[in-house]
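This report concerns only the one structure given below.
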Amino acid sequence: MKPVLVIGGGIAGIQASLDLADRGTKVHLVERTPSIGGVMAQLDKTFPTMDCSICILAPKMIECYRHPNITIHTQSEVIGLEGNVGDFRIKVLEHPRSVDATKCTGCALCSEKCPVKKPSAFQVGLGQRKAIYLAFPQAVPLIATIDREACLWFTKGVCRTCEKVCTSKAVDYEQKENIVDLNVSSVIVATGFEQYDPKDIGEYGYGRYKNVLTALEFERLVCASGPTGGVLNRPSDGKVSHNIAFIQCVGSRTQTSGYSYCSASCCMYATKEAVLIKEHEPSSHVTIFYMDLKTFGKGFQGFVDRARSHWGVEYIRGRPGEIREDPVTKNLTILYENTEVGRVERLDADLVVLCTAAIPHRDNAKLATVLGIGQDEYGFFANPDPVASPVETDRPGIYSCGSCHGPRDIPESVAEASATAAKAAEDAARAEGVA
Amino acid sequence: MTTPRIGVFVCRCGINIAAYVDVPKVVEYAKTLPGVAYAEENMYTCSSDGLNKIKEAIKRHSLERVVVASCTPRTHEPLFQATCEEAGVNKYLFEMANIRDQCSWVHMKEPERATEKAEDLIRMAVAKAALLEPGEEPEIDVNPSTLVIGGGVAGMRAALSLANQGFTVTIVEKEPSLGGKLRSFDSLFPHKQKASGIIEPLIQSVTTHPRISVFTESSVKSVHGFIGNFDIGIDTKKGPESLNVGTIIVAVGAEILKPKGLYLYGEDPRVITQSELELMLRAGGVDSKRIVMIQCAGSRNEERPYCSRICCNEAVKNAITLIESGSEAYIIYRDLQTYGIHYSKLEQEAKRRGVKFLKYQAERPPTVSACPQSLRVSLYSPTVNEEIDLEADLIVLSTPLIPISDAKELSQMLKVPLESNGFFMEAHVKLRPIDFATDGIFVCGTAHSPKDVGESIAQALGAASRASIPMAKRRVRTAAITSQVDQTKCSGCGTCIDVCPYNAIRKNEKGLAETIAAVCKGCGVCGATCPEKAITMHHFTDEQIQAQGLAALEED
Amino acid sequence: MLIKKKSQKIVDKVNAEACDQCGKCPSSCPVTARVEGFNPRQIIAKVALGREVDLMKSQVIWTCTSCLKCKERCPEEISPYDIMLALRRIAIHLELPHPEGFDESAKVVAETGAVQQPQLVRTRNKERKDRKSMGLPPAEKPRDMAAYTETLRGILEEGEA
Amino acid sequence: MKYALYLGCTVQTEQYGYEASVRTTMPRLGVELVDMTGVSCCGFPPFSSVSELAWLYSSARNMAIAEGMGLPIFALCNGCHLSFVETKHKLEHSPELKAKMNEKLAREGLRYEGKAELIHIFELLHDVVGKDKITAAVSNPLEGLRFAAHPGCHAIRPSRIGRPDDPENPKKLDDLITWLGAEAADYPEKIDCCGSSLAAASGKTVLDIAGEKLKAVKRRGFDGLVTTCPFCFKVYDNKQRAIQATVGDRELEVPVFYYTQLLGLAIGVDQESLGLDLNQSPIDPVLEKIGGK
């Protein structure tokens, strides 16, 4: 039986890979970053059960890594696809890590000694990493990688400190990129989404005001493994924040941003983040500005009711018009209308969190061309018939799951991932001649 | 007997543990415990690096027992056990001490005492580890066939996928015909395709598929056995049938609330539900001039504190249809649940087409009064900040999906739980949305919670994938943590048989109790209730637990 | 009726039905915070409900500073400002009650080419100055005032067709 | 750098300080200004609330005259500039409307092609003349002074049809101030409206709105407020006494300048020719600090 190609190592890609591998199908899992895990690895807790995100994800990541039927290609991208369902010929480009995966033990001594600091993508820029680094402590595979744009050896021809300190001689500056040819029966696309950059919504001052963050940045701030160790030290002055406000529908449900749809999970993750703040410091004052509370998922309404009644999170229906920053204290003032009473008011906050639209990943167009599949008007991968064939793209044998074809929460992504595994299994059976 | 060589691995969990527990101190302490031959700390014991360290240590220090002091066994025990096995140590010789969730996280403000408690927990784990015994996991054969309970769109789609994968499937449907709730729908959102356009071809391929057999007007009456080997009893119109399957998929769907007495429903024929409107549209439409739809009719309240997910979108879809046929349509809502891309578009289309939306507040629900000519809906609109009266010829209540009436009965038969709202409860809300905690049984569609057709189909395919795993492998291993009845002590009183929630104990020919290892989940209820102390729980023997308890009380 | 027909033409163009009632306009508006009863969001809500005639008969449409924040920030590209102007024009055309000054100053412009004639202004120490004493050239006006006035009068009589 | 100077009603009939300071400073920066003859009101606001057609006609008419001169229009007033830009935009998108306009313009022997270019004083000074020319021209830097920039609503909104600066974070006027050696600083009330358009409906509210801003400017320790909009200037400067009365604060004194007045002082133009004696707000302390002729 031919293997299956899974593109994207987030929770959806991981689930699809494990389902197939567990039933005995060989899987090639292609991930563009140095580690699998995706956005879920960056989250602190998950709603509505408040499970520690990395704690429930890490075992699955490791399972992928240790599974005899799964081959993980990190820092890799699919650059070629030919053939048809049952017989796709794939080209995967593996970018060099500049570190020998077979030797590196992930001890991180190299990054400790590396002199170059860069903003850490895992910490969404709130924290720093070195030029040679591990994506994050639970990264899978736990292998260092060199950022050649930052590394002094690659940019200035000096340093080589990492090579000197590495006890297992794993550093390999000569490592070349590598093209792998695969022959697979089906392809599963699980490349996920990215966050809308709220800079364009100037009235909220993101990028201008240090204490206005995006929700993903906040996840890192509130996370024990984040840059502040889970203490809500706000960026401007490190002061612990007690008055925090969340603004929903930033970029989403917005004609002018180009993303006129509802991003589906923001109301709930904002509620979760609000509860986290209260758990950390019950005396904090947390406000969520929303338009419609989207509590359509299993257990959502109960979760919101609890946040309101038990934790005292305040919900106000109204999308603020403007955020102002005190030039001296850097405190923020939110101009808003409580639309349920038609009154215009002001709220002072130490920190404001913007819950931004979930938007198509910037690489979608490129991948769509390589795979020969369609995108919708926004750039998500298109499902021609989302009702009858929710995980089928417009090309037979290529399936999509998770937030790469529209906003999804984790359980939806997981369920869809299993669905794509079933479709791939059907293709394989057909190829095997099962009538 | 000499105490075995024990290795202790203390995880820092980044700062989750190390910030509050003095890990180096704890490691030094562990080294002093009886039987401990080696102890070390790891940044993340669960990282591949940490796991390699365990394997090396087992070899270098010829360890016979392994204790990891870190987080929770719920997520991490299987991983560490597998690691031990790879290094040649039986997985049942592994023990875990939870010094994070039950220690560092709850004692953030008192680090010294957190450190002490961590030492206590490790001392207890080590004491138990010394008495651990290797366990064997029986392998059982899996019958590559599935029972799908429910012949709606979810059930049929799951069945079809499994059949296409080469497995045999039996569908049991209580109605005379396949199709489920969708039979009564006119069109489907978001693309407003006809429901029949999805159902009919599906029924066609299901009924003609060589590996699918269908029992209509039938219901499951009994379920015995366990993953790989379930014995099912069915009542069919032709009398009782029995079959053996390896897996079960629960796709029984849901029912739609008929809100007697709410907004004059049941009292005035001009007040109907969204699903009754569907039937009218299916039959050719309505001639009412102005239709007012009321959302959250019977949901998001004390009695049903959940949002039914599909009602807003169904209302918007039907309102567009009504506008197209020249009527006027109002939707009175609390929070419009038009989520995601397709429903957002649908909402925008509705607004463009002139469907009027009015928000109401839960505290001030609308009232409906009947006049001879028409109905009047009175509501306070917080957004316009006014009392508004609407004359209506037809009022449509968007009522929630509710669990099927015999959900409880079925859940008891299958030994799977229901959640507080009465829908079937999955193994884990986030990462196991389609599995039940009981191996070999899966759930999909609206039996799990309200969802639309596309989402139900996705879950159905997902359930097919999950069910296919043990069947493709043909064999599964079951856990060795089971109860064992000491035939010399058992008095045959049968108490254990009554209390066992898994039907895992039977009386043998001697009239004495004996455990069916493959079915036993190791919950321990039998052991606790046995008046003769005849039942031993492997991996949780009295000796082991006593040792742990005594260690807890030790002063040092 | 005429008034509804006229307003309908406008309403069809302004996209009010797309409004999510999010509250961004009032919270940006300098007037809502100060003048009881003025709320651009509610104005849009009423237009969306087909009640623009009530608005034309009320004071609210005249209570705008034209700061344009509502128009600038509306996520749906709706402009309460332009809607108010449009409703004002119909109100004036149909001679519904409205604040003084609007049609007067329009007349003045139509007849003189400017809202007012060059003024005699005071300095801080109460001296009087005019363009001449400031050394500024004489004020400009249409060369063929008759044609200019006639054209504008014509347009004004046409009203919002 | 040659432009057709369009004054607009307010400047031409009362805001002589702005006109004078523009006429005296621009040539010194190499900007040649040609007066437009036969021009009329741009139509905003007098017509915008009465007849859209009359409003658009008024703007089209003046743009047609500029087209005849073959020069871009330099409109001093934010309102006029916006009115022209909006009209140009509307006529570009409606050929029928454009035809209708030309039919009416023909009676005065005018024709609007749609070629008329428009330039705002921010664009002219910030983007065309530029930092180097201005800093080079400064002979009397306004050191030690801190001004609050007030670009005015119509200079920055609606951005969709193109305005000279950012709608939420305008910076050009701040730059222009700093190029004169003075200091400019962001303040939360920067893009707040002066309220003047409310005059017809509720004069008191105008003074309330304006008063709040002046208070903020004073509270935040600015030496004065700087604008280029005659409407805003009228409220903040000419009506400052009335504002004091309305907000009940006699001490609420904020010097208000047209930017071109400060520009003149910095490049050594005498106060007389900058019409500084027309400013009603207490600017003398600032003038003393600046010194010069």
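Letters are used for the chains, namely A, B, C and D, taken in the order the chains are written, and counting of residues starts over at 1 for each.
One rule holds for everything that comes next: a contact is a pair of C-beta atoms (placed from the backbone, for glycine too) under 8 Å apart; a residue touches a chain by one contact, two chains touch by 3 or more.
Keep in mind the model is a prediction, meaning the values are calculated, not measured.
K.L.:
I want to compare two interfaces, B-C and C-D. Which one has more contacting C-beta pairs?
P.N.:
C-D
K.L.:
Sort the other chains by how far their Cα centres are from that of subunit B and give me the top one.
P.N.:
D
K.L.:
Based only on mean CA positions, could you tell me how far subunit B sits from subunit C in angstrom?
P.N.:
Distance between chain centres, rounded to whole Å: 60 Å.
K.L.:
If you average the Cα atoms of subunit C and of subunit D to get two centres, how far apart are those centres in Å?
P.N.:
Taking the mean C-alpha position of each chain, the two centres sit 20 Å apart.
K.L.:
How many angstrom lie between the CA centroids of subunit B and subunit D, rounded to a whole number?
P.N.:
66
K.L.:
Just how far, in Å, is the C-alpha centre of subunit C from the one of subunit A?
P.N.:
48
K.L.:
Touching at least two other chains at once: which residues of subunit C meet that condition?
P.N.:
Where subunit C meets two or more other chains at a single residue, that happens at 18, 21, 41-42, 69, 77.
K.L.:
Among all residues of subunit D, which ones touch two or more of the remaining chains?
P.N.:
Correct list: 167.
K.L.:
Of all the residues in subunit A, which ones touch at least 2 other chains?
P.N.:
Within subunit A, the residues that touch at least two other chains are 203, 253, 317, 339, 342.
K.L.:
If you go through all the chains, which pairs of them touch?
P.N.:
According to the stated criterion, the contacting chain pairs are A-B, A-C, A-D, B-C, C-D.
K.L.:
Which part of subunit C faces subunit D closely enough to touch in the complex?
P.N.:
30-31, 34-35, 59, 62-69, 71-72, 77, 79, 85-86, 88-89, 92-93, 99-103, 105-106, 108-110, 113-119, 121-125, 127, 129, 131, 134-137, 139-144, 147-148, 150-152, 154-156, 158-160
K.L.:
Flag every residue of subunit A that touches subunit B in the complex, lowest number first.
P.N.:
Where subunit A meets subunit B, its residues are 11, 15, 19, 22-24, 46, 48-49, 51, 55-60, 62-63, 65-66, 105-107, 137-142, 224-225, 229, 253, 260-262, 264, 292-302, 305, 317, 339-342, 376, 378, 380, 385-391, 406-407, 410-412, 414-423, 425-426, 429-430, 434-435.
K.L.:
Which stretch or stretches of subunit C touch subunit B in the complex?
P.N.:
Going through subunit C, the ones touching subunit B are 17-18, 21, 41-42, 45-46, 48-49.
K.L.:
What part of subunit D is in contact with subunit A in the complex they form?
P.N.:
Checking each residue of subunit D against subunit A gives 166-169, 185-188, 220.
K.L.:
How about subunit C: which of its residues touch subunit A in the complex?
P.N.:
Subunit C reaches subunit A through residues 18, 20-29, 32-33, 39, 41-42, 69, 73-77.
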